[in-house]
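Consider the two complexes below, in which chain A is the common component and chain B and chain C are the respective partners.
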Partner chain A sequence: MSNTTGAEKQTLLPATTAGAAAALLVVGLAGMACAAALEYGRGDQWRYFLHSYLVNFCFFTSLSLGALFFVLLQHVARAGWSVTVRRLAELLAANVVVMLVLFVPLAASVLAGQGTLYPWAAPHTAAADHAIEQKQAYLNPTFFVVRSVGYLVVWWLTARYLLRLSLRQDESHDAALTLSMERFSPLALILLVVTLTFASFDWLMSLWPHWWSTIFGVYYLAGAAVGFVALLIIFTVLLERAGPLTDQVTAEHYHDLGKLLLAGVAFWGYVAFSQYLLIWYANIPEETAWYQPRHGGPWGWMSLGLLAGHLALPLVGLLSRWPKRNRLSLTFWAVWLLVMHWIDLYWSVMPAYDPHQPPWALSDAFCLVGMGGVYLGALIWRCRGRSLVPLGDPRRQEALDFENY
Partner chain B sequence: MDAHAHEHPNSSPPVAGLLAQFASPEALRAAAAAVRAAGWTRWDVHSPFPIHGIDRAMGLRPSPLPWLVLGAAVVGVVLALAMQLWMNGIDYPLIISGKPLLSLPTSVPIMFELGVLLAAIAAFVGAIALGGLPLYGHPVFFSSRFSRASTDGFFIFLAADDQRFEPISAQALLRSAGAVSVETLQVDEASGRVPGGLYWILATAVVLALLPPVLVTWYRTGPKSNPRIHLIQDMDFQEKYRPQSASPLFADGRATRPTVPETIPQGRLQADEHLYTGKVAEQWVTTFPMQPTAAMMERGRERYGIFCTTCHGLVGEGGVSGITSARAVKRREPNWVLPLSLHTQSVREQPVGQLFHTITHGVRTMPALGAQIPAEDRWAIVLYVRALQRSQNATLDDVPEPIRSQLRPVSP
Partner chain C sequence: MTTLALMHDDNTANDPQRRAPLVIGPQTDETVTDSVCRVTEEVRTPRAWFVALVVSAALTAVFFGTIGYLITTGIGVLGNNRPVMWAFPIVNFVFWIGIGHAGTLISAILFLFRQQWRTAINRSAEAMTIFAVICALIFPGIHMGRIWVAYWMAPYPNQMALWPNFRSPLMWDVFAVNTYFLVSAMFWYLGMIPDLATLRDRATSRLRHSIYGLLALGWNGSARQWQVYERAYLLLAALATPLVVSVHSVVSTDFAVAQLPGWHTTIFPPYFVAGAIFSGFAMVVTLMVPARAYFGLKHLVTLRHLDNVNKIMLATSCIVAYSYAIELFIAWYSGHSHERFVHLNRAFGPYAWTYWLMVACNVLLPQLFWLKRCRTTPWIMFLIALAVNVGMWLERFVIIVVSLSRDYLPANWAMYYPTLIDVLMLLGSFGLFFTLFLLFCRYLPMVAIWEVKHVLPREEVNHGRTRA
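Take a look at the complex of A and B:
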């Protein structure tokens, strides 16, 4: 690119959008306050609020984790095609630091020792239940909080390192930085998958302290990958229209992002079914306990809805070439799958609150808007003054010239 | 120009086409666009690697391969489902692990695998077939330059069977499109023809390949005096210890292990003397260890029908009333002893404990059935035998009052 300074200016967020960060933060805090106010009247020691909060906490964390996974994967594979959309993923991944702040209510509830969210956190539950008592060495409030903070810090530092090197490259155009990131990524990828697995065990699986599934971490990772790629597609379409990504992405990039989305859908379906089939086939009470409430009644319908909406329909819808290259149809499926990913997490968490039927409440919407506002507000704040395309990456021209065979 | 085309205007063999070499992928792409614009249909490009946009430059339509692959995948999925439904649900219904006969989740892995397998085969075979392969020979291979098509050469071949083919104008077209060299290729009759021997080899291979399935089918359909062919030896003849065989592993050389002394296997403790032996203090018991019920009588009737009727007959009169006994007599089996009637005085006077003992351990030529029939079921059979005995030796007092009037005297 001959006119580098011009390109740099073009790839910044428009000034009007940058101003929206504060507004989003205000909306987010207001939404959270509304949800808390609504839930205060329920008088259940915040039991419902915490479950609803956990759904959204896991949802927004997964978006950052999917982004971190994506960035590491691009470096491990030495991918050239994805350079122009990689900065968005780097910024999204670094945004995981917000979740460190948003983890405070969860930590407080666990440390309070009431067992309102996690049954094992209450001393009397553990004392009465031999299996939980035996797991106290791992499942105890202090260790839980230490671990959770540890995961979030590891992710934040990993993402921050990658973002810093990438930003430094914007100035220096130094190809050695790319090599540094490529050397760093394989180990970081292993660390990410291990921490992500244990995070899903701690945050989601320990809602049923008797139940275990070794593939559960992969299930959460698959959902995170789908959610993140969907969000990346939505952001790319919006930013291409708004300016920063104009002339940076082509139908070829959408085609490849669509392929990743399709792969994520198949990955999620494969893992979800692998987990289900073994447990269903062995039919051992202690293993089927997790699926039992999800097998009939309203939760059963939601399970079938996920089978159709999170697997069958997008698999067929994204299979052909044109829906992946067409911005409108790809955006449709991205929005669809982002919603499905949220429902998947709702379906993972909420039967712990009510095993009979989905306990929808108005505060769910406020909680989603609240946490979404904070997350997006912080993200836009993070984008301020930074190029949304890694202008100094030596493979940028390759990404611009990229064509699918 | 080093176009060393073999020009033999009078006696030359027919022309197969023109081969033009280009310097770079970009030149090849531009030339392909020019050839396409000139309206050619019978032509192709050759390059060491795929070139972006060459399909658009050549005006190739999208390949039908994806549809072939999708079709094969769908066929695989449906075939796998139908196969499992037929085998597990209809042809040989077998309940495994308490799952339904027609169960979708258990079928999914096979549906997935067969779908992937057929899709992969369709992609592999389809790509080869759509590319016009296998092809025994092609005129371009008679060009010495063409070997560079796998390293750094970029070529266009115009076939002579195109309607537009005319040597002079075609040469001009290629040169104006930027060809580095243009070569006229002749049809080589001798080396372009598939040797006849190849067909014979193929035919022999097909016949040989068909022999095993034909032999297996022949052996498996209808009775044969020789044992059938064992295709999978280690499934038909498994390496395992059979009862009473020897094993060098143990000091006593026996493969069958006796129970560890002074132990009783789980669930085999038989502490209840009454229930398990029919004796109390070395005396036959005269009562049942459990309260007889209508359900127990019904169970006894069913078990008696399964284990006893083949010899003793449906009502227990022995002799040839059971089908095994009848057949043995019909075949004049020399050692066959007729089973006793259960209605003789001596059997009727036996205490229930002794009847139970007889079923458990057998008596004279009657085999022991204690291993096959659980103790509770043996008691149920004893109860039913008692009912049979009473039915065959009933008095008028056994007939309920209301229906006595319906009885008619039997003429002697």
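Take a look at the complex of A and C:
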């Protein structure tokens, strides 16, 4: 209905952000360069750098995956309330293409057969270890890289297709495009969950090539959902203030996003607890090996920190109605959980480098800033000239009207 | 009333520009009340209903007869024996608990998700939930053998200094299932109070008036009562939501905390929950397809409702298939010879037919629901739902019995065969379930009248909203 050019202009990013995108890209590349320079001096064949890099790689990928999951779910459920925040998710999902480029160092290390990151990648380890030798049909450098590139390409093409259709709808206001997206989404959702599962097996679980857990894919998905919803809340608050989302979102949207964040926290806790309880209780050495370094000492403190920070505190903090409707408190919990999601991935990866204690280094910060700069710079670049609200969506009015009871 | 609906009885079309109506025909408060209450007010006993009740009651008699025989004779009347110490009773227990998941999911989770289509089916699904949990609770009780000491499971101070072992998942089960039963029963009853008052107000006989009056707890429909009531309903929905997930997760730990390959795998909790919802929705379709036709409720429980239920079945079928696949992959990936063996044994061992029938019923057949024709044709969905019921029972058989029959020690292997008593008990539990459900259909409001009135199309006009 309200498809005037004024409304369209209003939902664009301000022109000054082009400079911000460039600046972020420069900061990002500089950060990466600093991290690499610091790590070059270490002389450990990039072993530390690769672990730190993997944490951030999985973190930023998970944000795009959570976004893609969200977009697909909205179409499968024919959701109305979320229309005005869906474009941000579409753009975030399509940003996964950056990760395709950022995958190059990981691919290079695995293909070089050094085994500094993934022990199975070194031919001599695999030959000496019967358990790893048995899985070589799956865990071998070529297949790993082919698979990983495959996942990333599938995600990118899925996200790009949905973004394109949605952008086309901005102009045409054609309801048939909604039907196309709704028809496409169920199968894409299945494809996403399967690829995400195997990606988590490949990138995170195979750091301990002897260890396995059937719920691991769901664990990564739950973390991705929390991280993405947290980021979406932060973006929505910022963009409502800056202009593009002013008059597009209300306290009702924050309330619902807060509910999703709460649900994500509960889901993550449920999955994490299921995995832990079953492994702890059965106490089979092959399985407890993964928890063993995380069970005592400094890593044990981090485990308890996650229990409190990623589950207990936000669960209580987000339970009431007002913290979800109040932009300030909701933003607080969103930032908090985004940090927790990063720590969760750090906790998942880094014991592979040092099972005794968290090996913090200055390059961690550079690596995070570097990859974050590239990711966000590319995201802002992607947003240029595009409406941040799906103006042509037939259910936009429903999203503007809806109220929680 | 149903003749009105015949003109446009298909509300399954998807138009993004407007939400489809959830009732068919020009319904008013009065027609909705009438069509639901009529079922309980019909003076003449409906013949087919009566025949069904007699058959179910007979099976119920068989159920309690076999239970009596079991208690007086001993657990040896069942086929359970080393190494398959858990067999039909536990399979049936998990099966019925699973069925009991649809009701609370529909009433609590779909309520929180603002899925308004739940209103026409939540009442009957909740009733089904409670009856299924009753059937479920009986099985572990009688499986203990010495039923007269069942009260030992309750933690109460006693001179024997006995205390339940809280480290045992079986104990968690006792609490999870009983909590679930209490909360779903409360939710069901609370939701029914305004409708019971409607029945009371329409009653023409003194007996009906006093019984429904007693059950309605003095409801008079004042604004104040509604305000308090809807708040209580929302709170109960929020309380019931974690229960939907927790009960079957706890049931899954009965198996998953053990070290037995085929029982011990980390995906069990969410996988069991998805399977439970899958089987529960299959039972909703099994019951509602005949009930909506027989009791003339097609204009309230429309094809759109069934379409949505079938979509949830398709989604949960895919989650179950995902779990099967991941279990298989990890069994290979683990390189663990026993893990690998247990899956080979499922697929190619002496019970292979149960495995493949399970895959066919739970994974392959529900894929037909990708076709809209299958989601909206009652007889097709009815047949698929029946198959899913069979498949989900078999799933528990495959997990419990097939894993136990061949564990780590080949010297310990043995086949399990059910006895006649095992089979009669399973059939008998269906008798109890259907008896209770049939009584519910005839004597209580089968559809939530007050909730359906909320979703009548006029509501949108009253709020002055335009759905562009």
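Assume the second predicted complex is superposed on the first by the 402 of 405 C-alpha atoms of A that agree within 3 Å, B and C clash if a C-alpha of one lies under 4 Å from a C-alpha of the other, contacts with A are read in each partner's own complex, and residues count from 1 in each chain.
Going forward, contacts are C-beta pairs under 8 Å (C-beta built on N, C-alpha and C of every residue); 3 or more make two chains touch, one makes a residue touch a chain.
All values reported here derive from a predicted model rather than from experimental measurement.
Clashing of chain B with chain C is the outcome of superposition onto chain A. Residue contacts after overlaying the shared chain place A:286 against chain C, while chain B stays out of touching range. Between chain B and chain C, C touches the greater number of residues of chain A. In the superposition on chain A, A:398 contacts chain C only, with no contact to chain B.
Shared-chain residue A:134: touches chain C; no touch with chain B.
By the document's definition of touching, both partners, chain B and chain C, reach A:277. In the superposed model, A:212 makes contact with chain C only, not with chain B. Two complexes overlaid on chain A leave one chain C stretch from 56-64, 74-82, 308-316 or 416-424 clashing with chain B, and it is 74-82.
Overlap of the chain B and chain C contact sets on chain A: residues 277, 281, 405.
Of all residues in chain A, only 1, 78, 80-81, 131, 134-135, 138, 175, 178-179, 182, 190, 193-194, 197, 201, 212-218, 259, 266, 270-271, 274-275, 277-279, 281-282, 284, 286, 393-398, 401, 405 touch chain C in the complex they form. Residues of chain B touching chain A in their complex: 50, 52-53, 66, 70, 97-99, 105-106, 108-109.
Listed in rising order, the residues of chain C touching chain A in the complex are 14-17, 19, 112, 114, 230, 234, 242, 245, 249, 253, 256-259, 264-270, 318, 322-323, 326-327, 330, 333-336, 465-468. Interface residues of chain A, counted against chain B in their complex, comprise 273, 276-277, 280-281, 283, 319-321, 403, 405.
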